[in-house]
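Next up: some structures, all given as structure tokens.
Paired with chain B in one complex and with chain C in the other, chain A is shared by the two complexes that follow.
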Partner chain A sequence: MRHTIQQVFRSGKFVVGFFILVAMLLIVIVYPLIVTYPPLQIISQGTFFPPGIYVNVYDSIGSTRYTLNLENAAANRIASKLSNNDRHAMKDWLVAAGIPENEIDINDTEQLLGLWKGNYDPRVNIAGMTNAQRNYYIRLNNSLQGLLSTEAVIIAARNADIGALQEAGVINPSDYVNVNQVPNVRVLPLGTNSFGRDVLTELVKATAVSLQIGFVAGTIATLIGLTLGLLAGYIGGLVDDIIMFFTNLFTVIPTIVLLILISFSIGQEKRGAFTIAVVIGFTSWVWTARAVRAQVISLRNRDHVNLSKLSGHSVAHIILTDILPYIASYVVMALILQISTAILAEAGLSILGLGPKTTEVPTLGLMLNWALIYQAPILGKWWAYLPVILTIVLVTFSMNLMNTGLDQVFNPTLRE
Partner chain B sequence: MSAHKKWTSLFALVMIVSLALSCAAPTPEIIEKEVVVEKPVVQTVVVEKEVPVEKIVKETVVVEKVVKETVVVEKAEALPRQETLYFNGFQWGPVVCWNPYSANCNNAMAIAQGDNARVTMFETPYLYNMLDGKQYPLLADGDYQWNAARTELTFKLKEAAHWSDGTPLTAEDVAYTWATHVKYNTPTGAANKEYIETIEAVDPQTVVVKAKLDENGRAVNPLIVAAYVSSNYVIQKAWTQKLEERTGGDATELLADTAEDVVYSGPYHKFYTDDTKVIMVRDDNYWGQDPSMWGKLPAPKYLAHMIFKDNAAGSAALARGEVDVSQQFNSNVHLLWLNYGLPISTYLPDAPYHIGASLPTAFYNLKAHGLDQVAVRKAIAIAVDYPTIIANAMTNQSATFEQVPRSLMNPTPGEQAMYDHEAVKDLQWVGNDIEGAKKLLDEAGIVDTDGDGWREYQGKKLSYVATCPNGWSDWQAAIEVVAAAGKKIGIEITTNYPEWAVYQTVVTKSDTPLPPGYEIFMMWSAGTGITQPWGRIRNLLSSEWVGMPSNWNGNWGGYVNPRVDELLKAIPNETDPAKLKEMYTELVKIYLTDVPSFTLMYRPELFHTVNESVWTGFPHQEDGSVPPIPPMNCINGWSIACLYNIRLVSP
Partner chain C sequence: MPAERKVCLSGSGLTKVFGFGRRKTVAVDHVDFSFYEGELVSIVGESGSGKTTFAKMLLGLLKPTEGEIYFQGKKRDISTQKKRKEYWKNIQAIFQDPYSSYNIFRKIDTVLLDCIHMRGGRGLPRAKKLEMMEEACSFVNLKFEELTNKYPFELSGGQMQRLMIARVFLLKPKILLADEPTSMIDACSRATILDELMQLRDEIGMTIIFITHDIGLAYYVSDTVYIMERGRFVEHGSADEVILRPKGAYTRRLISDVPKIYEEWDLSTV
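Up next, the complex of A and B:
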């Protein structure tokens, strides 16, 4: 046994796959211990907040203020509001409004803004301008307000007694706060999704659930396949015929069609993660059964089996002690593949809207499904779907890699 | 083993690649909007040739090739982009028929009768304008006149109006249309015959609509009579007679007739339809180019509507400029112009982007345990986080309840002026009031007695299911937020999303109590129209719907209040604005006190997002049009005026 394990860990492919999987398992187990937010809590008011560090503005007003005299602060401030395209667009508008082109220098921010301020009027109807362009100029005009100001901003609070605004603080353009000193900071490494949930926290939970679905479904499928394969292969005769009849029947029906039909007929209300796992398990045992049967048939007439028969051991005893150990390595490989197939099957079902229902548990497939419904790909909100796809890829990749590694160790024809 | 492994790896690869593709790349480009013409003719030729089977097959192949080539030629010439206005969001499946008497033609580009009737092919005497609440004459000549007793409504028809076959459109057609609706009990007939006695032609140009009278000799409902003239099409008498003849007077057959030969009066008619598209073409002989109406033809020669798989596909097409006018929910629509700089705009430049018109509402099953208690109903309603619903589920495409305080009115200024805001101020809530909700429940004695964290009423835990149809994504997202509110105030609310087919059967069956699983459920309410807000309030609160075996009107929770019924009966005959305001205010008060249902968000009557890559001049706020053209996709009610205003960006 120890020797076998040593052998297995000498396979480079297996080791890589194994470490990816263990790393993912560790993240799935450790992350919730460190980050204890409920994974399905709706935190953002609005959809698809981009990844980043969110600092509470209210708190930062009250935090210790530091003055940093940085050179590019003003330039950065202007650049964030006024891109090169904006400058060209402003020039276009001014030219259309009758300002001579040679008077406009788009690189001189002050002059450009001065001209803009003096001439722009949202009510002016410029021939050939679409409503979309008109809206653009209105937005641009609003965002330019106070852009060149070097004066401090005054914070005011309403006095509860007299109802008037009173000065509560002054913020200078050179004021900074240290993020570590702001009491409320939330890091959202993968932003939020269409429900306004923290994507990373939900992704970790979803990975856990998808792995569970994979384990449950894979175990069920392997158990069924193994039992039927052992019986059919060892007993043979009529039992074999009957079992193979059903196995062949299931082989010709595409699994995904069966899955869709069963999931649909169960109905949304009863589709929990566990139910889906069971459904997947009960529809994907077929090839395990066939393969195990083939292995058993080749084992059935070995000398040690015949000896065992002559010694008067029962069928169950022979199967468990004389046959099963010889195909154990094969069964483990089959299990690994079944798990990865089941995770993919769940994702496939959920994308069709036939996965587990949404309130209680997230799964990888459901996260993709909702990202698609809320058009994340069209809107360029990559964080809502790309990490999920990568997770699915990593899980199935690691398992397939482990499987290939095991195959190299155990399959005599592949042994180097 | 190895074969299977390969298969699995292949499956994984295909899966991943397809996921990546579906996510990263926009949906594949839709083939240009070609017109297939030759095919049927060619097929006939094949059939007529009596040759051995093999030869037919062979010939067919050749024929196919010819057809394909024809298509390529047609593709380039058939629908010039500069003459075609593309839509999405109306048509989700193939067209069934062109029969204006039927309500089941699934022909959204041509047939939709109602407050904002679709007037591309068939026309109504008047056009409703949701922005100012007025009816503008189309087939009619000038405003209609009520008689002193408000029992008879008279209007004239335009001399210029004529049918597509060139014959004049007369009062006889209007009268005969109504007579046919009644005779065959069409949906229009059934909905109006309690309110309209007859429609008569006084002379070829004059129509009189006589209202049904109640026991006091007053019209049963003058509002519905007035709404009729802008909601229902005028259909040609001669064609109707032809239709009756061929269907032998059988009502079912008459409604099921595909009416490919229908005669129409509107500016567009059928050009081509199949499973993927509907195309209408302009009738250059349209009567409306007469100076008494528009004075010219509408700008686009073709109106085309591709049939998209879902909203996401429709949005992608809009972003690519393959759709000019979009009547669908485009999630985070503002990002299309903010982040991508696309020439796309909505009616309002900023959130809520559209004019809210209807009130998607969560209904309570008033017979469920605990929900018969006002305290429980109100507690849930005030605890719900509406700002999150509006920001997340609607991606801010709805006014907030701070902007438009809740009542029974939609956010249009006309309706908002119809009740006394000050009088109901204390009753209105904006949500997120967890403490208030807890206090309300504590005061009503509905507390957690067994310490499990959930409150009990009469010893039984308060536990509900909140539901809406599966796949209705914005509603589902809203229902999730409702469920979250329950947890905060000690009432267990779980969510469930049945398929629409199941959901609609259960919810509209108002003659039996709702089954478990439907304690809190979402449905819609009426949008804009000449009968509003009365019609909407009637739908939400009237007890006349309770007990109906198939109730598509409203009050699905089973609310009964005699005072409400009384007010609803009195309003249609009331003409004094002050009294009307008083009555509406009382209704709002009752609604906000009893909370038989609660509005979750405001939703536009129709989404109206335009891409100005090809066409421009669509209605938008402060576009200077008089009367204002409503954002109704240029084909509904008065918004059809938009088709005469739009122009090419680069002619």
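Up next, the complex of A and C:
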């Protein structure tokens, strides 16, 4: 036994898969201890805030201000408002408005802005320009107001007594605050999603729930499959016929169809994550049952089983000590495979809108479903779905890698 | 051979058919036999002639397709687990391949303990059980202290077969079926094992059904010989009768394969 485990951990593939899985489990366990926000809390007003560090503006004004004279501060400021595309668009407009092309240098910001200010008029109609393009130029023009200004900004607060604005402070272009001194900063490494929830926190929770669903469903499926396979294979006869009848019945109907039908008939309100796990478990044991049965049939006439019979052991004793240990490695592999299939099955169901009820817990499948419903892929909000897909891939990849490693240890002929 | 010959195991029309249609194999084909108490019967036949299948049916490990088996004059009834267990107290076996005869997950002690428990010794004090196991091991020249906490696969093939004999020593059955017990082990161990089998027979006075493909060996050890050809017993009788005065061509061919049949048997060449 110890020898086998040592051998398993000498398999590179198994170790890599195992490491990834353990790392994910650790993250899933440790992250909620550090980040204690409720995972389903809606924090953003509006959807799909991009990933980044969110610094409270109000608090920034109140924080100690430092003056830093940094060389490219002004250039960065302009670049953030005036992208290369914008510069090209401005040139296009100016050329269309009759300015000679060789007079426009799009890399000289000052000259470009000067030309723009002198010539741009939103009322001018340029032939072939669509309405959307016209609106774009209007927006661009507005954002350019004050771009080159080096004036300070005055902050005003309303005086409660007289209702007039009073100067509260001056902010210079070279003023900085230290983020560490701003009381309210929220890091959103993966932004927010369609509901305005923190994607990373939700993703960690969803991974935990999906793994739980996988474990519950995988364990149920493996236990059912193992029990039926052992009984059918060892006892044979009528027991085998009956079990194989049901196994064949379940084989003929594709699991996913069965899953969809059952999930649908349970109804949205009663579908918790656990219910879904049980449903998946009860519909995916067939493969294990068949495989275990085949293994048992090849074992049941072996001499060590015969010897056990001659030693007066009961059927239960023989199944548990003379058959089960011989297929244990196989069952472990089946379990791992069942877990990863169950995680995929949940994702599949949820994408179809037949997953767990949406109000209580997130799952990987539900997150994908929400991202799809709110058109995250079309809107280019990659952070709402790409990390989820990556997590699913990583979970199933690590498990399949572990299985391949196990397979090579237990079936030496597969080794390269 | 005992003067008064009492039949201990017999059968009529015993048949085993595997598969059906074009893949049908008649492994054992309507055989009749009577084995007497205390005698050593050899079943001799080529590989594939149905010897193992015959043995498994006698042991109750394979269900005959047709025919009856009589144990001590009565029709054998092994329809329930309880009756089977009772039957197996009377008939035990040593299989051909020692390497696949043991459960690789169970230690040697438990193999021997099972035998003591089978004989109703479950309640015995631990010291008594140890003593019995030690006695059984020393009977086959194994050191029990060296075997405890070991797994069968840590032994050599010869040692495993001797452990099998120790099992039988503890179980003291009326009948022992030895299915080519020496064919898979090294030549040096063979003589020892045969020797120990003979000793065991003298010790507990059981019937041994000795299965072999080697007619020379059968001549050396047995009282009675049954010759098996393609699932049928083509010839049987006392060892001298069958081997020194063979009737069938098949028996003569088996004999001609063994060069030294008429010479004094030399144990070291077994």
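Following the convention adopted for this analysis, the second predicted complex is superposed on the first by the 367 of 416 C-alpha atoms of A that agree within 3 Å, B and C clash if a C-alpha of one lies under 4 Å from a C-alpha of the other, contacts with A are read in each partner's own complex, and residues count from 1 in each chain.
Just so it is clear, a residue touches a chain if its C-beta (ideal position, glycine included) is under 8 Å from a C-beta of that chain, and two chains touch if they have at least 3 such contacts.
Just so we're clear, the structure is a prediction, and the values are computed from it rather than from any experiment.
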Fit-or-clash call for chain B and chain C when the two complexes are aligned on chain A: fit
Chain B versus chain C as contact partner of A:393, first or second or both or neither: first
Chain B versus chain C as contact partner of A:130, first or second or both or neither: first
Touched partner set for A:48, first chain B, second chain C, both or neither: first
Touched partner set for A:164, first chain B, second chain C, both or neither: neither
Partner chain in contact with A:302 - chain B first, chain C second, else both or neither: second
Chain B or chain C, by number of chain A residues touched: B
Which superposed partner A:196 touches (first chain B, second chain C, both, neither): first
Partner chain in contact with A:341 - chain B first, chain C second, else both or neither: first
Partner chain(s) touched by A:313 [first = chain B, second = chain C, both, neither]: second
Smallest separation of CA atoms, chain C relative to chain B, angstrom: 23
On chain A, positions contacted by chain B and by chain C: none
Chain A-facing residues of chain C, complex: 56, 59, 61, 81, 84-85, 88-89, 92-93, 95-97, 100-106, 111, 114-115, 117-118
List of chain A residues in touch with chain B within their complex: 42, 44-48, 85, 128, 130-133, 135-136, 138-139, 194-196, 267-269, 287, 291, 330, 333, 337, 340-341, 344, 347-348, 351, 353, 357-359, 368, 370-380, 385-386, 389, 392-393, 396-397, 400, 403-404, 407, 411
Residues on chain B engaged by chain A in the complex (per definition of touch): 1-2, 4-5, 8-9, 11-12, 15-16, 19-20, 22-24, 26, 311-312, 315-316, 319, 330-332, 335-345, 349, 385, 387-388, 391-392, 395-396, 470-471, 473, 476-477, 480-481, 483-484, 494-499, 517, 610, 612, 616, 618, 620, 623, 649
Complex interface listing, chain A residues touching chain C: 302-304, 306-315, 321-322, 325-326
